[in-house]
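What follows is a group of structures, each given as structure tokens.
Shared between the two complexes below is chain A, which pairs with chain B and chain C, respectively.
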Partner chain A sequence: MKINHYLIGFAVSSLFRRGTKSLFVLFIFTALIFLLSSILFISNSIKEELNLTLDSLPQIIVQKLQAGRQTNIELKRVNKLLEFQGVQSAVPRIWGYYYFEKAGVNFSLVGIDAYDKQYKNSFANIVKNVNFDALEKTSSMVVGQGVKKALSENYYKNYFNFIKPDGDFIKVPIASTFSSKTSLESNDIILMPRSLVLEIFGMDKTKATDIVLSVANPEEIPTIAKKIKNLYPDTRVITKSDLKVSYQNIFDYKSGMFLALFVISAFTFFMIIYDKASGLSSEEKKEIGILKALGWKIDDILQEKFYEAFIISFVAFISAIILSLFFVYTLEAPILKEIFIGYSRLKPSFDLPFILDVQTIFLLFFLTIPLYLAAIIIPSWRVASMDADEVMR
Partner chain B sequence: MFLTPETIAILILDCIFIVFAFFAFVISINIVKKWDLNSTSSLQYSLEKKAILAATIIKYIFVLKLPLFMFFVFTADKISGVITGAMCAAGVVNSVEFGLWLFVFKIINLFVFGFWIALHVKDMQDEKLSLTKLKFSIFLVAFLLLIIEIAYEISFFASLDVDKIVSCCGTLFSVASASSFSVIFMIPNNIIITIFYATFFLYLVSFFLKSELFFFFSNLVFFIVSIISLILFFCTYIYELPTHHCPFCFLQKEYHYVGYLLYVTLFIGTFSGISGSILSLLKPHHSKSYYKVSLFFNTLYTAIITAYPVVFYIKNGVWL
Partner chain C sequence: MYSSSNLHEQTKNDFVKTVGLPDLAISNGANFIRHRSLSDTFSLFSNGPELLEYFPSTFTYNYSQNYKNIPSRIELE
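Up next, the complex of A and B:
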């Protein structure tokens, strides 16, 4: 099929001649694509950020369940778990959430021990950078950016008073703050010596929150997980791939939910375009009549209408994508971001990492432009097949 | 139901296709029944107008189906990350019983719709519109094929089960598997190479003889033999792994998406050969340019696919 430059020129000038009408359609279409692409960009970025976190997560997590709820696990079990062939290390973790009422937020308290093998790379770095011996001696803590902010807003500049279960206070000085590479994971974290966490939560010294294992050969993870389950039927064994799959499912589900809503608005859009393209002014009818009298065939008029539609949808597509790139990555997606990170009260003000893959662009393309073209097929044909004498009369 | 953004996009487009194809189908029935170019009735006049609408709809569907096919493969690749055991699209497609059929229908439909467009272009050049009745009778069949494909596709996404463990491509495409592929794995390597190059030679002969019927069959055979030899022999050199026979994995990033290049060249080469020779048989004055297009792309395909074992041999000094 040859591309007719004169026809394209005609289409462009025809769009300008009907300025307000084309502008209206262009505006609606751009808004629609903008909304959709922003949601997809945000969801992709958060997914990427979580995947980064996921890489540093332990290979196997063992939790103890009692009456269907997670409870603390006995430290004795660590040695039993180490006896499994292929298990490289087993580290008991002590952590939990501390609710800070004044700010209405949850802090994640994590107990660390400098002599244990660190299960998380980012924590290992902190331990290296911060003088950990001093932390242990002075019983102080390292806090994330978000925690620091929440505390200083409530006038806790240098220390914080934790309330123990029995009502006593523990005064813990802030040694330093840290900003991790991925702020989503570290924003609400407080690192402190293990003994301090045990005291704040009033936990039994012979127990831990859960146990994390690292396995030398990743292929053996499912087998080891099965063996642990057999040895301790009261445990829940979570592997890294379980987490990965559920993350992907959650995000596909969230953007899927949004898309389900999008289908409705897309249908509305379809109706608007159909209606706009069908209702012709007498001016336009006259124009078609003149063109036909000049010898244009139905195919020529159809082709010109397609060029018009293509120009509109292409301009809308490009400008919507540029707009939403600006909105998501420069403005940090002010309102829409909340849809995806609504669960935490300590709203982590993290940066969305820049991700732009071809697949998302293709997805956006298939969700929008075919819809527009489909909406104009029948109206344009109806216009193009009108009889010259009839419309000119 | 397996609802990700990608599957929703595909399903929305499927719905649009069904609705519009149905319009075209109704118009086609009327045309096949009542078309008479010599008549001056208003019925014939409106049929001529409607023929243009139907043709526009079919063009619209085909133009979208081409990239959508690749998008489907891409989506299946992405889903493989979620389904246990699957490592590429092959595992996902085979996790459902009729997955292979869905694929076969997708390829057949690409050929049929592509041929329809070629026929349509030919028809529009002819002032007597002598092919109109034929092309709309062909669409009646194409519509049924399209409906079957979409029905397969919808039930495919509906029956994808995340918790079911599927086989990965390494076991699907091997002698040991019980799948429908396993029979062809009995053929030894040297025979399949001989057959492949013999077919290509036959194809070259048919090109120089310029006989339409011969050219048609040689293209058809070349397409089938190419796919089989690709699975059996050539892809092991793409992976540089003698046991890996998957026709999907080389669509992934690790192999620089070379699969898209291979499949597209093979498709263009054989498609232009097949559709061109059918058109020539129908209309003796058809332009012969399709011979050159077909020759160029099929030779390009053969050159790329031959380069893999040759480069491997030069680098390593042994055959796999």
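Up next, the complex of A and C:
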């Protein structure tokens, strides 16, 4: 098919002739695609951020359930777990949540063992100017940026008084903060020596929060998980692939605001289409009739209508995508990101990784533009196939 | 197809290796939504048996799908 430049010129001038109407359609179309693509971009970026660190997570996590709740697991079980063929190491972990009432936030306290030399290198990379061994010696803690901020707003500049279950205070100095590059992961985390966490939570020394296993051969993970489940029926065994599945489903379009936003915008869009499809205005009919009387063929008219609809929808689409890229990655998605964060007080700085998800863009393209083209061309075809004098009358 | 830059991948991986906990620090209004992929349908009941999930982020940020280990006849969607 040869592109007829005169037809394109005619289409553009006819768009300008109906200036307000074209502008209105352009605006609604842009707003709709902008809203949808912004939400999809944010959720894609968060998913990508989650998948980025998936490989560093433990291969198997063993938790104990009692009465349907997770409870502390006996340290004795560590040796039993180590006896399984293929298990390289089994490390009991101590971690939990500490509610800081004044700011109304939950901190995640993680205990770290100075004897675990495997952490030494990675620790040096995430915390500058604090030695791994010094943390143990001085009984101090490393906190995330958000924790640091919440504490200093409440006059804890250099230390924090944790309240033990028996009512006593433990004064823990802040040694350093995590690198701000990790703020999406580390914002609410406090890392401190294991013995301190045990004391703050008032935990039994013969127990741990959960046990993490590493397995030499990743192929064996499901078998080992099944064996653990058989040996200890009261445990919940979470493998890395379970986490992966849960990451896939984590931004479930469950309901609520997400869906509401989508429904409202989709409804607006279909209103426009309905309005368009239910018939052309008498003026537009007359125009088609005149063109036919001047000797235009049906496919000339349809081509001109196609150019008209395509120009308007494509311009709207491109500007919406550019706008939403700017909105999400440069302005860091004000308002919309609140959907994902909720109203938790400890908001991380939202440094989303820039992901140009071509799949999403194509999805949006084929979801919106063909529908709009059809809504323009089908009624025009109906009119154009009638007799010219009948249409003009 | 993805193109990405400026991800600080190494630092982030080092952090996750040290801490060993999944999920992003984007919701911490309640402890059962902080590590969503470790929590299950019943996690919120440890705060109180009559609770309903009411945090805005729980609308989008689902609990873990690892509920196959939990004995229950509750239908999950």
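Assume the second predicted complex is superposed on the first by the 334 of 393 C-alpha atoms of A that agree within 3 Å, B and C clash if a C-alpha of one lies under 4 Å from a C-alpha of the other, contacts with A are read in each partner's own complex, and residues count from 1 in each chain.
FYI, a residue touches a chain if its C-beta (ideal position, glycine included) is under 8 Å from a C-beta of that chain, and two chains touch if they have at least 3 such contacts.
Remember, it's a predicted structure, so these values are computed and weren't measured experimentally.
Of the two partner chains, chain C is the only one that A:189 touches; chain B does not reach it. In the superposed pair of complexes, A:305 makes contact with neither chain B nor chain C.
When both complexes are overlaid on chain A, the residue A:49 reaches chain C alone and has no touch with chain B. Judged by the touch definition given at the top, the superposed model places A:245 against both chain B and chain C. When the two complexes are superposed, the chain touching more residues of chain A, out of chain B and chain C, is C. When the shared chain is aligned, chain B and chain C each come close enough to touch A:359.
By the touch criterion stated above, A:367 is placed in contact with chain B alone, chain C being left untouched. Residues 245, 249, 252-253, 255-256, 359 of chain A lie at the contact with chain B in one complex and at the contact with chain C in the other.
Interface residues of chain C, counted against chain A in their complex, comprise 1-31, 33-38, 40, 42-43, 45-46, 55-62, 64-66, 69-70.
The residues of chain A lying in touch with chain C in their complex are 43, 46, 48-50, 52-53, 55-58, 61, 63, 65, 68-70, 93, 95, 97, 99, 105-108, 110, 112, 119, 121-123, 125-126, 144, 146, 178-179, 181-189, 191, 212, 229, 235-238, 242-243, 245-247, 249-258, 338-346, 348, 353-359.
Against chain A, the residues of chain B that register as touching in their complex are 3-6, 8-10, 12-13, 16, 20, 23, 49, 52-53, 56-57, 60, 64, 67-68, 71, 74, 78, 81-82, 84, 121, 124, 162.
Contact residues on chain A toward chain B in their complex (touch as defined above): 1, 40, 244-245, 248-249, 252-253, 255-256, 259-260, 263, 266, 298-299, 302, 359, 362-363, 366-367, 370-371, 373-374, 377-378, 381, 384-385.
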